[in-house]
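Multiple structures are listed underneath, in structure tokens.
Consider the two complexes below, in which subunit A is the common component and subunit B and subunit C are the respective partners.
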Partner chain A sequence: GARRGKDLGLGYRSSEEMIFRYCSGPCRKSQTNYDKILYNLANNRKLPPKDTPSQACCRPTAFDDDLSFLDDNLVYHTVRKHSARKCGCV
Partner chain B sequence: AVVRKNDCLNAAKACNLNDTCKKYRSAYISPCTSRVSTAEVCNKRKCHKALRQFFDKVPPKHSYGMLFCSCPPNDQTACSERRRQTIVPVCSYEEKQRPNCLELQASCKTNYICRSRLADFFVNCQPESRSLSGCLKENYADCLLAYSGLIGTVMTPNYLRSPKISVSPYCDCSNSGNSKDDCDKFAEFFTENTCLRNAIQAFGNGTDVGMWQPMSPV
Partner chain C sequence: LDGVTGLYFSQNEYIETVYVGQPAGTPVLQVHAMRDGDTERPHFYLCSMNSRRRPAHVSWFRLDISTGVLSLNKTLEESDFASFYPSSQSVKKLSMHVMALPGFTKNSLCNSRSCPRINLEFVNATMPQCGQTDLKELCFPHKDTSNPHITENRFPGALRQLRRLSRFNVCPNYTISYNVETETPAPFAVNETTAELVVTAMLDREESESYRLLLVCTVRTETVITKVETSLDIFVDDEDDNAPYLNGTDTADIVISFNRTVGGSFGTLSVFDRDLTPIIGRSHNKYVGTLLNTDPWAKETFDIKSTFRERKAQGGIRETVHDYYLVLKRNLNVMENRTLQLDYLVNDTTYPGLEGTVLLHFNITILPVHIQFSNITHIFPLTRRASSYAQAGLLSYLRKLLCVENCQQFDGFRVTYRLEVPDKNASADAQSCHAAVRIAQAPDEMWALLYVNDSEALRRPECQDLQYLVVVKEEHTQLETSTQIQIILDNEAGQESQPLLSCAENRRRGDCESARGLGTTTGRCQWRQGYDKGISENYSTCSPDLRTCPDGFCDAVESKDASICPQDCTKKPVIGGHERGLRNGIQAGHGTCYCYTEKCFCEKEDIKETICDDMCKTIIATAL
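Right, the complex of A and B next:
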């Protein structure tokens, strides 16, 4: 949805708005043998107890075009890789 | 506090919520704000090219929305300054020295794009005091198209810091010698042009909406 520049928490003071697209959702259907092995090893407690490698996670696999805006002090900024274009379990 | 409406800010918001406008806006702001060396604030050639693309590719609803947004007459900051910043003047407009306008015109005529766009501007924004619109060719859309076409050439015009709408390329008429009258006439076609001023105001006020159908870039 539309977000105001100040909401982003990147330190900009701007009244402009942008569309922020993000990725979310479960990734339980492991996609690679790596994920299956990891899942089985973790479930069978074959891994060192303090070591818990990350499972597949729903993350951006491509980002939206760059975004430019003018801040409240009339300075331009361009932010890159700020919003998701495609998502995937990676 | 009283929150005054800021059409120029609203146009910028609308642009970034539209994928095409957002993409081409960022595509010119990046080169127009990237310092290339200690001596140069930007690559002016790249900035101009990207600005021409912006006005070629983005529907007028969005591109004109930012360029011709209307500001309250006594506003000299939030709205008007934002409108002045639309073309990133520090890169696309200002030079170390302000050349004479006739010299600038001569240099424009050596470039195919600039020559044809300047000719378009003089045809389509010709003032005519006896017509109701203020224009000889009573077509505001053609005048605004011709004016915006100059952005990204050596004749790139911008708003002056003035209480009324007044625009000019980055030049003046000092050192004109015997050509002072010619130079003043040329400069006033920008700064004191009733046809162009009416066209900009009509767009800003939304009083000329019938003419704003999508048009193909030229």
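Right, the complex of A and C next:
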């Protein structure tokens, strides 16, 4: 949805708005044998508890175009890789 | 002034409205040309701007060759209106050009001087009768926006017909007369018989650049007198009728010493001219300058450049200022030592009088540059509390700026610094001690930085006395100068060597101040706490030495290894709210900026404070 500059928490003072797209959802469908083995080993406590590798998760695989805006002090800023264009289980 | 310029129109556009049913012979408007002399008689012609076929409507009109009155050649019919394509609009634009010549011609192409355009609006209706006509409409065209321009120093005469000729007979019982009023006396009047606006005297732009007239139209009927007013601005065009003059000095005293770079500019002499200098066309007030010296050395070395600008002189009248300054055409040798005077003649080539020149003098003194150190010996204390950097062995533990006298002002020549061991026959062990310190100089800098390169050598007990010679060489003349530096080590025991990390990796004050990072001058990283909200130049960060990092400048030592001060030196994109530095690095950041090798992040860590809300207060109140 549309978000104002200060909602992003990056410190910019601006009333410009943007569309922020993000990725979310389960990643069970794209599991590989690697993920199965990892899950079983972790569940059977065969892996050291502090060293559990992470499972596949839903992340952006491509980002939206750069976004430029003017802040309240009339300085231009450009943010890159700020919003998801494509998602995937990686 | 005898500059022959000929006839010219005081305005570049004439507008009027014509209607269906207006009979042949009806006057439409009158054009005027300004004259150069009493004997000159303008001859007016309708003309075309290019040789293509004239549009048909031009033949509907007739321009009186001597009076400049445009009138209808034929009665305008509805079929005339319908002859245009497309025929949907209710108003058609008829346009033609007019020229003025001192004699007769059969050429119908407009002559080279600007030929005003006559724009007529052809309305598909009959002309409104007297009862339907507003008095304002009888007096003045309702959207005439062309302001007359009159060139200064010219013969006076009529410049505009105030009467609306095409409406003159609409109300035959009215008497319409015009007169002109001004706040201050101005040489303008109305010829009562012809109702022409007349300039009564020669104008001088240097006296007044424009005149605001109030035109008053008086309409008398049998019962009432009505006055209608409109304002008119008349502008005075400039010509070159003033010689250049100096306001004070004609001599600039110039001393050239540390800055001797090609393109360097020195001194400014201003020449004033009460005339304007047009940017487009450059028709008048053309200035040409000549260097009078014949000395080949001076000609190869110096150039006089000029710029001009406009300023408002006393009385608010614009005038031109020409600025002349000396420019070096080549880098001057550091040994160069001489004085000379350059004479420069400035000529206003379009000024018709005799004294259109001004002579300028540039007194130049070139001083040699002595490249020397102010101190013969530099002593630097240094602690042994150093640990080496495993990979590069680089650690700017000691970090000193070395600069020959006035080095920060040098330009146009280059000095290079190098470090030498005074005793070249020293043992191999002693030689290896000297590897502890190195010197670094950025290509565009005139100073050098001394830094610790091998801290392992510092810890060896045999490396007690570190003496070096810093030799400075001027590139062109090969002149050398040197100074001794001595590094005195304290006796604190060195620590175990371990790989050093970048200070910039630390995100918290505690971690930072207990870390022994790369490039530290005290052995420990230093923390800078920023308190500003939003994106600030004073962001929180961890640095090897807050005097040099972050200072917005990636110096010669910092650029040796990207891990020393990535805050100043990173070339990679920064994640989080920030402003980039002009070249590299972070100019301002949000919250805390930290970097892993060259990848930097700026972010604010939210510190959740306990909020005392209304509920909380209520509980306190009831407890009491």
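Basically, the second predicted complex is superposed on the first by the 88 of 90 C-alpha atoms of A that agree within 3 Å, B and C clash if a C-alpha of one lies under 4 Å from a C-alpha of the other, contacts with A are read in each partner's own complex, and residues count from 1 in each chain.
By our rule, a contact is a pair of C-beta atoms (placed from the backbone, for glycine too) under 8 Å apart; a residue touches a chain by one contact, two chains touch by 3 or more.
Here the structure is a predicted model, which is why all the values come from computation and not from measurement.
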So in the superposed three-chain picture, is A:Tyr12 touching just subunit B, just subunit C, both, or none of them (first/second/both/neither)? second
Figure out whether A:Pro26 sits in contact with subunit B (first) or subunit C (second), or with both, or with neither. neither
Quick one: name whichever of subunit B and subunit C touches more residues of subunit A. B
Does the superposition put A:Ser68 against subunit B (first), subunit C (second), both, or neither? first
Name the contact category of A:Pro48: first (subunit B only), second (subunit C only), both, or neither. neither
Where subunit A meets both subunit C and subunit B, residue numbers: none
Where on subunit A does subunit C make contact in their complex? 9-13, 75, 77, 80
Per the touch rule, the subunit A residues reaching subunit B in their complex are 2, 15-19, 65-70, 74, 76, 78
Can you list the residues on subunit B that touch subunit A in the complex? 9, 12-13, 16-17, 19, 22-23, 25-27, 29-30, 32-33, 81-82, 85, 88
Going by the contact rule at the top, pick out the subunit C residues touching subunit A in the complex. 534-535, 573, 576-577, 579, 589-591, 602, 604
